[in-house]
Amino acid sequence: MSDTSFQNATRSNETLLGADELVLNMGPQHPSTHGVLRVKLKLDGERVRGAECVIGYLHRGVEKIAENRSYQQFAPYVDRMDYVAAVSNGLGYCEAVEKLLQVEAPPRAKVIRTILTELQRITSHLVWLGTHALDIGALTPLFYCFREREEILKIFEKYCGARLTTHAFRIGGLQYEAYDGFEQDVARFCQDFERRIQDYVDLLTGNSIWIGRTRNVGILSAADCIALGATGPVLRASGVKWDLRKAQPYAAYDRYQFEIPTGTNGDTYDRYMVRMEEMRQSRLICLQAIESIPEGAIFGKVGKVIKPPVGEIYHSIEAPKGILGYYIVSDGTTQPYRVRIRPPSFVNLQALDKMVRGHLVADVVAIIGTLDIVLGEVDR
Amino acid sequence: MLDSILFYFFAGVAVLSAALMVTRRNIMHSAVFLVTTLLAIAGIFLQLRAEFLFITQIIVYVGGIMVLFIFVIMLVRLDVALHRVRFRLQKFVASLVVLALALELVVILALADKLPASLFMKESVAANHLPPNSEALAGSLFSSYLLPFEIASVLLLVAMVGAVVMAKSRRRSEES
Amino acid sequence: MMSPAHYLFLSLALFLIGCIGVVTRRNVIVVLMSIELILNAVNINLVLFSRIYGDVAGQVFALFIIADAAAEAAIGLGIIIAFFRNRETVEADEMDLLKW
Amino acid sequence: MTVLLQFLETWWVQLVCGVVIVAVVPLIAGYVVLVERKLMADMQARLGPMRVGPHGLLQPIADALKLLIKEDIIPRDADALIFWLAPVLSMTAALTSMGAIYFGPSFRVAEDINIGILFIIGVSSLGFLGIILGGWASNSHYSIIGAVRSTAQLVSYETAGGLAIISALLLSGTLRVSAIVDAQASNHMWFIFMAPVGFFTYLVASIAETNRAPFDLPEAESELVAGYMTEYSGFRWALYFLGEYANMIVVASIATTLFLGGWLRPFPNVHWLNWIDLLPPLVIAAVGAYCVYRAGKQPVKVQVWFMWAVALSCFAIAVLYVLPWLVQPLRFALPGLNGAFWFLLKISGYIYIFMWLRFTLPRYRFDQLMHLGWYILIPLAIVNVFAVGVALLLEAEFGWNRWIAMIVTTACTLAVSIYLVRLQDKRSAAASSATAVTSDSYAG
């Protein structure tokens, strides 16, 4: 039933009814591991004794590729890491290179970047909500979420022609001007979206099964989060008010009023509530931003050939899933010497073992869902 | 005629799968063949116009007891249980004893004509004049056999508590 | 209806098969299953005679036997699980201690 | 040969009905799947199957064909015998139990056996054996976990469902299917109104028994891939699938027979409402008319024809329903035709509830399922049986009005159920406060 060395190692732990510990290989092909994650679960009946993540099935060597591409050439690659939040990835990379070049994007570019990034945050959270609900067994929210996501993707498509891997930003600013009616589209979406969020709230928030499945499941205390380096909604749900948009404002975030929602319990329900509130806040940011998009250039003083000075830079942003950091070392040529990416999913996934211990198999999928991982980003 | 076809069918299935049940090495196969036997016996009950027992057999035996058996078989590791050297002598002695018993019973049945005729009389009530089975059974159960019925229910309660205590893990009881 | 002797022979056959199972098999679970078979063989007789005499008392007894079989299976399997937890086996030969 | 002829002569009606069930139920089950997908699509802001036939009407047939011609895979380490046997058992149990169901006053397969309702319940519960054995034989961890879950679920919810049924059996005083319906006619009331708690207990238990969401843990696709069906494919898988849907029809039939008045029309004894008997042909004709209306809007010619065919068959059935009204010698068929209509309508309503819940609710976790079963449903069912018994006693021994007795005891049962839910809430609240104390200020 399981490999013998493993059995011998755990023989001393008596299980309920005296049956052997069961090793369940969840994934890499499993409906709810969100890609090709493989989780080795040690089970006592249905109770989880431990989990070990086996990753790398989607490894494409993104960081290594960077060393053989010029700075501009590498930008589309980052879109393929967290493919449900490509815009955020691009923003982080462009800003990091800009920081290395010591230039800044013009204000108009910054505001449009902020709008698109916040819309992307909403799509990322919508995908998370739909799949998370599906993992827990609610079929319908998925389709509602994708319906709304579709509206945002249409805006992306109108803006830059692509829907998923957008490559929306360029180092130094934007390539494309906001199309005619961009503000109206965003405003219309934001108007609708308030009502749509209420749909999800009606379907899930007060549902006793939903509460039962998420309350006190996968609790991660603030100390645990900090020790494991977990960031984003996972950290905030544990009560730590840490959001780079406020803590180290980038893009145009310092211009807008918004709240950082936090939880208290650090359980799956809190993470759900935090992300729901973040969607509302993102909507508010978008509404504020379209009020006053500054006029002016959209591209900063960056030449056709990017040749940063010798040096290194670390820049991080608050991606939908947590802190996304880029560490870039330049040797003065047109290609980076080394790019190291700190993906939020990868770091958050470390918490899985701690979170699933003592829970049931059904909770494992809920916890994988609540961590909101994207395997493209974990494996890079 | 139809009756006899049905009888031979059910009897054949019962005996054959009972034999398979005893001889199969794989416990799960044994359990499946026991299920078949029990279903065939349920068929025999139906033929004997004991409808309520027929359905009780299916619900309690097949739906309850056998599910319990299969559950335990799933818990108990088969690979350990399967390969063991058998104690040959005991098997031999046992077969002898069983054969003797069989012989004895067959002889008794063969000498049936010497037994009181009442034992082999045909049914005293024709099939279509029998009272409704479940009503009759209920009447008898809740009047003449009320005390045994209550005792049986207490027995089941005791068995339930006993089984829970027995199967309960020691680790769990220490925790609580 | 067939002659009662047919049913008696069927019951006899099942009873003997059950006996063989009890005495020859080592696996306690199979032994328990064989006991169930024996009980069923008895039930056939009870129901047969209940039919012959047109008296449901035999069926009432069969019903009690089924209840008893359920209790026996529950307790027996409980013991097996307890035993398996301690000894990691379900062989009758291994059950050679009064207390463990 | 003569035996065979004699056999056929005596049993030909039953044989024909049996063959019809075996042949038609898979088809019906296939269309139940289509209806489910369509309903789900409607609730999820999409269209559902649209490709095969107009509005996907031929989808079940295409699916069946696909499943039939798929490669038959038996995993190498599976126990071939049991792997082969299990889905057959599952399907057979569901189909066999249909034999005792009355679809109308005389529309049935089996003789009117005096254990009718027990037969349906008992034989359909054999299907679980197929699930457990299939899960074990697959020799896969997901399968075995699914099988173990289904065993535990079976034991818990069969108990609750059985106890819930007893309340209706007490009211009717018989196990005979036809007599139960007759009892509801003579009581001038469906038993759902006399034992509502029993009905809702059975509703929940029957959802769990048929492994439907939110109790579909044995096959929870997001946790166990497909539970006990993980290793099955092709036709064996289809057998399981059909067994599941056939089981839905069976539990719906049980609930309809016991609580919803079986084949009785609404207000069966109120004579000035006799015009309700005209509804079946009218409803069917209306469906046909709608099909005609839709036929004009079909994009492809084949689909227009198909829509017309559906409409015409609806009209034909409607004519069939009207015929006994017009032709005196056919009058005898009227109760049967109307009975079948109402029975199928009630079954459909019951199954609709199943589907509706499936699309709306998240899935229970295993321990929550067990809590619901053992701490709420089973106590409630026991209290309900007791309450109905007391009501009958009050009526029989103390001459209470039956309605007052029923209302009083139902109120008591409801009070107990509220208490149980409260208790459960308190227990879970205590459990959660043990780990953390919170109030979400940002909830909205």
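So that you can tell them apart, the chains are marked A, B, C and D in the order they are listed, and the count of residues begins at 1 in each.
Everything that follows uses one rule, which is that a contact is a pair of C-beta atoms (placed from the backbone, for glycine too) under 8 Å apart; a residue touches a chain by one contact, two chains touch by 3 or more.
These figures come from a predicted structure and were not determined experimentally.
Among the chains, the centre nearest to the mean of all shown protein C-alpha atoms is found for D.
Chains B-C form the pair joined by the most contacting C-beta pairs. Taking each chain's centre as the mean of its C-alpha atoms, chain A lies 43 Å from chain D. Centre-to-centre spacing of chain A and chain B amounts to 60 Å, using the average Cα coordinate of each chain. For this pair, chain C with chain D, the centres built from the Cα atoms lie 35 Å apart. The multi-chain contact residues of chain B, meaning those touching 2 or more other chains, are 52, 73, 75, 77, 133, 167, 169-170. Annotation for chain D: residues touching 2 or more other chains are 148. In chain A, the residues that reach two or more other chains under the touch definition are 1, 14, 17-18.
Every residue of chain D that touches chain B in the complex is listed here, in rising order: 3, 6-7, 79, 81-82, 85, 113-115, 118-119, 121-123, 125-126, 128-129, 132-133, 136-137, 144, 147-148, 151, 154-155, 158, 175.
In the complex of the two chains, the chain C residues touching chain B come out as 1-10, 12-21, 23-27, 29-30, 32-34, 36-37, 40, 43-44, 47-48, 50-54, 56-57, 59-60, 62-64, 66-75, 77-82, 84-85, 88-91, 93.
Contact residues of chain D toward chain A in the complex are 40, 43-46, 141-142, 145, 148-149, 213-214, 216-217, 220-225, 358-368, 428, 431-432, 435-436, 438-440, 442-444.
Those residues of chain B that touch chain D in the shared complex are 1-2, 5, 26, 28-29, 32, 35, 51-52, 54-55, 58-59, 62-63, 66-67, 70-71, 73-74, 132-135. Note for the complex: chain A touches chain D at residues 1, 22-25, 30-32, 45-46, 133-140, 142-144, 147, 201, 203-205, 207, 209-210, 212-213, 215-216, 219, 261-267, 270, 273-274, 277, 280, 360-365.
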